[in-house]
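Listed next: structures, encoded as structure tokens.
In what comes next, chain A is part of two complexes: it sits with chain B in the first one and with chain C in the second one.
And now, the complex of A and B:
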């Protein structure tokens, strides 16, 4: 099982996306580049406060060609010369909780916790495909959490009571080192 | 002499609410449709009234209001208005023009709750539907 936000994890997400797409009745034609911006919020231990982790993925006829993280000051254009078709941006804790299966990504987008920029018409037209991409991200990859698994101590009260059943990696916060749990509680 | 086209109504986000993301998506959709389709802009300019779009599987809804020279999207459902309701996935594909709203209603995948004449609802259905020429398929 890959650690969150590692190359192995990105590869697993890509494979899960492509496995999900193969089961769809139809997929959008064309090539799209998607940027994901995970903003440090002082709670998630995986993104420093005020820092942003950035990911790019390219989808071609519904299939994820590649999925990778950018270095801190790396230009997106180093990987892709054209425009970014979609940009998702939100707090790290929200993305972590989506990856842990604690939050429904569609709900998160509809409630505005993660903002979406891009051609809404195309996004809505391909809502089934988008749902499949998000399902892969949420539930198709067994993820390990070396710095502690969400829900984090400071937002544990917001988590659903049966949170641990959604994830293959164990109970809520169960694999968090004690000192880390303390740190997130202080945050 | 050629007739001067009136500008398309503006699209604005109104009251904040639980469905902030849904409101932003619907606003972006309507904005793009009005920019691309003079007939949709004309309908939006003439229409008056409000409707609720409800994603009933998410318990989230927005209110779309036709006002003078603008369309306003509130991020919560206002009470007492006509409602177009259904699962988000169906609502999304209907809004984006990938499916006909009439067939979705006929198949009971979407349903309409309204006691009054449905003029605002019909205007909204047209304004939300992506014009054929726009976007990629």
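And now, the complex of A and C:
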């Protein structure tokens, strides 16, 4: 059970993605680089307030080759001829809750809590593949939360900083009260 | 004038200028050709009445400000483009003296709706909030990309389970009218009438099956109606400025009479004065499909099947707009201001439609070639927000009424007979709600009829200001014809980038932006504008 936002966790997500993709009848051809920007919102203990943690994922013929975090000053465009095909950006709490299986990523995108940039046609034409990726991210990895598992209290000071916990990520819903999840998503 | 360019663009409406500016910024040698003496197409602002009164002859409402990528990519604000977003965006004024107002402040809009129905106010808040969340996502998906098929979209919505996650997005909407959507979600006739009116001003008739699909998107930007300071033509001017600053040229009084084709490839154009211009890499038409394929291209260059489709299958809006442009000494003071004072500060005002049934009856009348049963124009006084469009202490006014292009009795030419009479009827309809607009308040006015539209702008065939019907049959990858929907044509190096293309007319920049993606792929242009 890897800690969230660790190399072991990224590799687990990658493996989960590829396990899901292997069950698909068709996948998009070609290579795609996906950037994810997780912005500190003062609530999540995993990203400092107003800081941004940046991640890159490379997908080749549907398979996730790697998923990793960029170092603080690392140029995201230093790889793959500067190519970024998609960019997802949103508050840390939202990404945490997605990873914890508490928020549905499609729902989050529809509400504008996470912005998506890139060729939307390809995303829609490969909806099964995208759905498989999202499912892997949200519910296929057993994640440990060393700084506390979402949902967090609305006051960051209430967050159980030393309360290590984990979830087996049983899909959207989790064990959080629905109103709290919604409030956190809006934040 | 040079005789060779990389790309020659026919038509200098906002799509032609936008595409030209992008390509010029990409290092291409671009010429944009305009038949008239002034660029802009529908972005024309003229002193139609008296000196100093600037009237937006066509495009008046800019609803994609800050949503359309070109506004940022081309740094239009840096070129002097300025918009005003009136606090009170819209109003509906009803015969009984009540009124409903839409504000940039959602709470105020809901307060106004709640005066008719608390439940509708709550529903509107939910709809707006939901739609506002996905408006950018949907715009990026549906408008600022070359079109997908309805089948592909429906399938993706199904896979993502959007219907389960959204109260207002349903795949069933692709078969339903806006009326049905409104009946499903709202209760009060006046609330429904106002929302249907908003759709109608955007070109979406509330009784056309399938348009319900677009309705949440329309609501998501219901408070994004912007007025171009100095007149809509200002936008054309800043687009030209960007084009020119990056080496492109705009040639006015340059009517294209034919597109030169060599061995199946568009290689240039011939102007009315006989000048031949070579296009080394591409020719782009932003004018109507009829002109491009029936008049500009040599007939042997157009495949027979396409020629037949252009002859028989093009769909135009079966309704047009009758306008009255006014020079006034005072703005309207509506009697309904005693019910809601904000109506006097509203920009776009529905004068009287109080139910969707009233709108539906007028759609039916207009499509059959008849005048609407009762004159219920919409009114706008731009000077309330932009005092530069009239002499000090004076006002410009605009009335618009849905109307047929071809009248049953006399066809389009009959408008020349009845234009002034009908204009007076529209003014009288305004006075019913704003009695202060007596003869003393109106210095001058001119009608601008559906028949005048194609006389001024040839590409608005049959007075079709959307340059193609807004309907399910003419949407996405079917617009304007399936074989032309992806901005390419059967003639190599000839592209289409005008409002005939997906998504439609209005100041969206989208046909140009989408054609740009295709042209860039074909010509190997680095897409510096793709901000991922």
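What to note about this one:
Heads up, the rule we're going with is that the second predicted complex is superposed on the first by the 153 of 187 C-alpha atoms of A that agree within 3 Å, B and C clash if a C-alpha of one lies under 4 Å from a C-alpha of the other, contacts with A are read in each partner's own complex, and residues count from 1 in each chain.
Keep this in mind: a residue touches a chain if its C-beta (ideal position, glycine included) is under 8 Å from a C-beta of that chain, and two chains touch if they have at least 3 such contacts.
What you see is a predicted model, and the numbers here were worked out from it, not measured in a lab.
Taken together in the superposed arrangement on chain A, chain B and chain C clash. Legend: residue contacts after superposition of the two complexes on their common chain; A:84 is shown touching chain C, with no touch to chain B. Judged by the touch definition given at the top, the superposed model places A:29 against chain B, while chain C stays out of reach.
Once the two complexes are overlaid on the shared chain, A:125 sits against chain B and chain C alike.
In the superposed model, A:111 lies in contact with both chain B and chain C.
Clashing C-alpha atoms between chain C and chain B appear in just one of the listed stretches 129-137, 327-335 or 435-443, and that stretch is 129-137.
Shared contact residues of chain A, touching chain B in one structure and chain C in the other: 106-107, 109-113, 115-116, 119-121, 123-125, 127-128, 131. For chain B in complex with chain A, the residues that touch the partner chain are 18-25, 28-29, 32-33, 55, 58, 60, 75, 88-89, 92-93, 95-98, 130, 134-137. Residues of chain A touching chain C in their complex: 35, 84-87, 104, 106-107, 109-113, 115-121, 123-125, 127-128, 130-131. Residues 28-30, 106-116, 119-125, 127-128, 131 of chain A are the ones touching chain B in the complex. Across the complex, chain C meets chain A through its residues 130, 132-137, 140-141, 145-146, 148, 152-153, 155-156, 159-162, 165-166, 169, 531-532.
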